[in-house]
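Next, two complexes with chain A in common: one pairs it with chain B, the other with chain C.
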Partner chain A sequence: MIYSFLLLIILLLGASAYFLGTARAVAVSQQTGGMRSLHSLPSHYGALTALGCVLPALIIYALWQIAEPMILTSMIKGNLPAEMLKLSANEFGLVLNDIRNMVAGNTLSGTGNPAVMAAAEQYISLQTSAGRIVSMVILVTMCVSAATIYSRIDIHLRARNIVEGLIKIAIIACSAVAIFTTIGIVLSVLFEAIRFFKIIPLQDFILGLTWSPQTAIRADQVGSSGAFGAVPIFVGTTLIALIAMAVAIPIGLLSAIYLSEYAHPKFRATAKPLMEILAGIPTVVYGFFAALTVAPFIRDLGMSVHLDVSSESALAAGLVMGIMIIPFVSSLSEDVLHAVPQSLRDGSLALGATQFETVKNVVVPAALPGIVGGILLAVSRAIGETMIVVMAAGLSANLTFNPLETVTTVTVQIVTLLVGDQEFDSPKTLAAFALGLVLFFFTLCLNIIAIRVVQKYREQYE
Partner chain B sequence: MNNSKQTVDKAAEKKKPMKPFSVHMNKDLQRRYRAEKWFQRSGIAAIVIALSFLLVLFASIIGSGYTAFRQTFVELDVHFNQDLFKNENIAAADYPAMIKDSLRRTFPEVKERRELKSLYMIVSPGAAFSLQDMIKENPRLIGTQQKVWVPANDDVDMLVKGQMKASEAEDNRRIKDDQLAWIEKLEKDGRLETRFNTTFFTSGDSREPELAGIWGAVKGSFYSLLITFLLSFPIGVAAAVYLEEFAPKNFWTDLIEVNINNLAAVPSIIFGLLGLAIFINFWGLPRSTPLVGGLVLTLMTLPVIIIAGRASLKSVPPSIREAALGIGASKMQMVTHHVLPLAMPGMLTGAIIGMARALGDTAPLLMIGMVAFIVDIPGGFTDAATALPVQIYLWADSAERAFTEKTSAAIIILLVFLICMNAAAVILRKKFETKW
Partner chain C sequence: MELTSHLASQSFPTLPTYDFAASLDKTETQAARQTVGNPFLENPRMTCRDVAVFYGEKEAIRGINIDVGCNEVLAMIGPSGCGKSTLLRCLNRMNDTVPGCRVEGEICLDGENIYDPSVDVVPLRARVGMVFQKPNPFPKSIFDNVAYGPKIHGFTTDKAELDNIVETSLIKAGLWEEVKDRLQEPGTGLSGGQQQRLCIARAIAVSPEVILMDEPCSALDPIATAKIEELIAELREQFSIVIVTHAMQQASRVSQRTAYFHLGDLIEVGPTERIFTNPRHRLTEDYITGRFG
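For the complex of A and B:
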């Protein structure tokens, strides 16, 4: 069973290659006038030998891990009975799935079809023998490449440059992960969304006024034709975000101004971290708080003045979301207020303005672009926030601007459409990706504008 | 700012002895000072409101959750009847029958079928398992009579803790009048007591609130975060080093920067969609596992770690770089030997904060199917699992009243973890912070 310990063996061989390479470099240098004649440090030669030993092995290993199922499946296909090969692509996929399940040791779905069992056994035996071959290939490659480098170690080999070049390639690849993540997001959302728009036309989705994603399972079923007009969802999202901002902007901005312009340093040192605790609390906790405490409180309050408040009102979700966003607004605006040069304040105060007048007429106008950028970031946060609305807002897509009624949001719909087991071709599931595309695109625009504005503003005073 | 404050104070002091130039001027000044005071007060009010929200939040969570750490137990005289152990397999004996038998002997006056059924409801269905464990541990108990403390049903638990009022109308409570009488009798005989709830910390999820625990979810979170840390910290540090120390200023590095800044603000649910479409549907990784959860959280945490890492690298003064280069270090040696060790505490702080965010995040895990009802404790990266915040979400959705206190208790545990992580970050920052 070399195969299962392969990674460990590769690492061990790599480590020994390092020591061999280092020792070889020292030995070579001794023959030609000491350590100073070496181009690089001995450890660089060691690292080069180790990399040369490990890298090809890891590449072969990774390629095999990816290719193994494909190659083995095509090999066992030839031995399956003829009638199975005639099955449609979907059914054949099921058979292959059965085989794979049996290989993995889950015999639940294996109903004892002898052909499937035989294929599974063959798969396992192929897997073992192929594993042996691959491990031999890997070991041989490691030895050959390490030996090649080992034999070429001399005082002129530019080991440091090669090793550093390799490390640089690795860290460039690491920073490219960000680009790949974005590409991954765009591709994964876009492809499913395009499939959705092939079934439901784009204008029906963007302009339709009814949303009821329950599609009929049978063609003759009544009452669930499936309507995918997203306007009520967009309205609901806007409503909740508006309520949240109505709570967060005044409180966040006023506390930021107080903390940066008035507060005693000691007061600031305690109040600021306390405010930031609000940002560190997981959103699922806010959601529970909204559903358990705030929503019933608002409903009872409404009852006492004879108002009919839904138990999943937009007001409760928006209010709690606003609390969550306060620290974003306050800490972003405080940073911005801090960046306003003291000379502007001094000038205003010297002209006899009170501090309030200085803040109102000088500091805030000077900081306005930054504050707006911070608020845009907070809006993007509010739109994308999921758990609070999933737990405290409703599911029914009402087209209303009344904060006392139940509305639903983009994120709530994505969660309800995708949680649970569905087939992956129904418009119901694909609709979630279409909503995801809208959400990503919208927050992307907000973020880019906000980040631009904040950066521009910073440069202004630097 | 202190200067400006003093200026105002002095102006306020001088104002009193001075005689007004004119009545109009005086009024105007008063109005301006009123506005000043009003503005200051509204600033204080905003902070007070924000902090009182925090207070209410904590109070409501702790207030509804602290009771979950204690649980009600009932003492029964269980007779491990020899006849019930005829089967070779002692685990398959009819333990529920022993529980029922002992309940019948405790309350001999209960005879009718319907009444008996509600009598059995006093004890948790999990009581049979504790008998099973006892016998497994010590088979010699078979044939003897033992006093055993078994967990009470969640409704009894609620009643004992006072979260269900006996004074309510019978239709409004889940404990009926006859059950109430039995419970009172048990209490009078000293057969009812509350103990520290170890089940909550050691078991997985359950449909019965009194048997549900968070250990499965904690382990699921642990495995996910382990993957997240092992992947995102090295990659994040490497990316930060490249962007801050090596990258030329060109189109590609600009693109990377814009991407990182934007990814830090992308809603977390979008990362869940990415995980669902690419990791699960395209790569075919197993659904509901900490492996996929960890990968998704990695992508989410990476921007946070990179941004913190860059800030920390920026704070290392250029003189250190110049000195290293001056004595002949290569650029890579300068970074790895001098700049990185100095920037490491800041990077670790950023990483811990990123991990704390990942620990609390729920939405992406919902997308990749970590919301299943899973009783077993996960033993590895590819076992189906939930995570702590997802468990909170699942319990918050449950109808049983007893799950409300479990949810709050799980939230308390989650917050304790988060506070510890953030405290570690603060201590790290304080201890290794260098003022250049």
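For the complex of A and C:
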């Protein structure tokens, strides 16, 4: 509570420091011959004062947030009963945990122990008084540092350079967050995958033909020992992605050609956004569309020609996924087709080529790198797609290329491995990380190729 | 205060240095004007009779009568927006691709009206080729650029014959010696002047009767321009050429006849030498002496 009030005060002080700094800069400049004699704009001086006021406060606040539990815990340790201090490190940790839980208001395990309750009360009172002290320190620091900068404002102070430098640091920090998050995710997946590969050898995982991740949880339990051959699920993923691309590439590409080359500009302006709406439909909606409409339809259709179609088929999932990625293919391809210079079309038409000959021989080849890039992005989207396949493709890892049978994909297996109560050191759970790693590697390669291809296309026309 | 607002509301005519509108009679600006000089030829390749082109409601050119002779270079000059490129694009119906464009009158190639509904535009464009302002080689190999026309028109299915057509066209376009060792390299990798000659070779490869050139040298340096001009002089022996140009020096160097356009009208047409030494219409004289344009 005290901290949210403090935050408000920090902001208010920062704002007033801004206006004071600006006013001071204006006043200083008027003594020495007008605004032009100032090194920077008055707002730069204001911003510098405000930053000098707020930044130290935020730094102290952040440091305290990190250090508070450690300092307070060490302070209450001395007051704990002697027999508690003699406990082993693990058990002592549990006691501290109880205290923290009690402080946070969760009185689940520590109820009844008077020593723990006393310690918790002491902790809370320490926390309150420490909060007051820290708030005072922060406010004093703010005033001192703001006043220092304020007194230093004169026409030679290079406020602009300092403020610009601080902005640059802030921008770098933001981009670093994105990059480090990515690296963090990759590394955590990588380390868990390595744990998995310590139990199941890499070649068994990559080359094995059976996927049956159920392992016995207890030693005396009757159950399968588990088989972690990932080939069937990668075959399933590839099969569904292939079906999806077989749907999406022709429809997406041809509709892109129609919109870019044949359609009236007004029609294009309406139809393109409409098509892009397809990309905005949540995949879970596609999922039950696939499971409840398309899959039964395919099964009935198969039965009418005496084909044995399972009610969850790769074909149903692939078809719906294909429809889902049509807008990716069509929208990206349309953009690159539209970017082909009109002079190329004119050149071809002036030689007596028909419109379709022009499209086929000049426009599409000129846009091909961009189209391929768009298709590859759609493929990586298809491989990573989960909801549709969870609902429509099924769970059993059949090693088959028959689109009428049930198959499963990498993403579906990751979902089923991690849903429900799990122990986090069994190969069954760790297999999800291994699958995730391979999937990530797959889509990463596809994306790199796609980006390279798109770049090559850009170089050609700029 | 009063005076300045009065002046502002009375805004002056558009061009302070030279007033086009004032130089024309009021009736003249509305109706097509009589062309000075004889636009007709004895044995023409193409004829334009009362051609008018509209972009939507706007009339770009009106009442144009002009012939294109066999084995001659006809230069079309005039200030920007005078309609010379519009007329050029009518000659192989490239204006068909412009939305809202309407052509009236009659344009004949060898006596046949190319705007007749029975005429198919595809073979027409094979007979009337075009070279554009900016070199626009296809992103294909040099060979494929030249072979493009012959392939789509099905001139030949024989590889040797196709090689022959490509070689002849590149020789005629004066590019063969420079590219014969790298026919499989992309056409876009050539220099600007080479690209434009490649586009000319591409147009020649379908053996047209007429070649239209829309400011073919405006994107090129003087050396490349000189080469293209030499090439035009050679090509005249086989083709009829209509060239739109802003460079009057170029018109006087390469053409036999020159037509001067102004605001959608054909003002004057005649032998190039006469137009440049003794223009009869005041607008022509003003333009070629550089008083405006």
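Convention: the second predicted complex is superposed on the first by the 375 of 462 C-alpha atoms of A that agree within 3 Å, B and C clash if a C-alpha of one lies under 4 Å from a C-alpha of the other, contacts with A are read in each partner's own complex, and residues count from 1 in each chain.
Here is the rule we go by: a contact is a pair of C-beta atoms (placed from the backbone, for glycine too) under 8 Å apart; a residue touches a chain by one contact, two chains touch by 3 or more.
Given the structure is predicted, the values throughout are model-derived calculations rather than measurements.
One of chain B and chain C touches more residues of chain A, and that partner is B.
In the superposed model, A:Ala366 lies in contact with chain C only, and not with chain B. Once the two complexes are laid over each other on the shared chain, residue contacts for A:Glu357 go to chain B and to chain C alike. When the shared chain is aligned, chain C comes close enough to touch A:Gly347, but chain B does not.
In the overlay built on the shared chain, the residue A:Val419 is in contact with chain B alone; chain C does not reach it. Once the two complexes are laid over each other on the shared chain, residue contacts for A:Pro201 go to neither chain B nor chain C.
In the superposed pair of complexes, A:Pro296 makes contact with neither chain B nor chain C. When the two structures are aligned on the shared chain, A:Ser175 is found in touch with chain B, with no touch to chain C. Look at A:Val189: by the touch rule set out above, it reaches chain B but stays clear of chain C. In the superposition on chain A, the residues of chain A contacted by chain B and by chain C overlap at 345-346, 349, 354, 357.
Those residues of chain A whose C-beta lies close enough to touch chain C in the complex are 264-265, 341, 343-354, 357, 361-362, 365-366, 460. Those residues of chain C that touch chain A in the complex are listed here as 92, 94, 97, 99, 122-126, 129-130, 132, 134, 136-140, 148-149, 152-153, 188, 199, 202-203, 206.
Across the complex, chain A meets chain B through its residues 160, 164, 167-168, 170-172, 174-179, 181-182, 184-185, 187-189, 191-192, 250-255, 257-262, 271, 274-275, 277-278, 280-289, 291-293, 323, 326-327, 330, 342, 345-346, 349, 354-359, 377, 380-381, 383-387, 390-391, 411, 414-415, 418-419, 424, 432-433, 436, 439-440, 443-444, 447-448, 450-451. Of all residues in chain B, only 1, 3-5, 7-8, 32-33, 35-36, 39-40, 42-47, 49-51, 53-54, 56-57, 60-61, 64, 234-236, 238-239, 241-243, 246-247, 255-256, 258-263, 265-271, 273-274, 276-278, 281-282, 299, 302-303, 306, 330-332, 356, 359-363, 366-367, 369, 371, 389-390, 392-393, 396-397, 404, 407-408, 411, 414-415, 418, 422 touch chain A in the complex they form.
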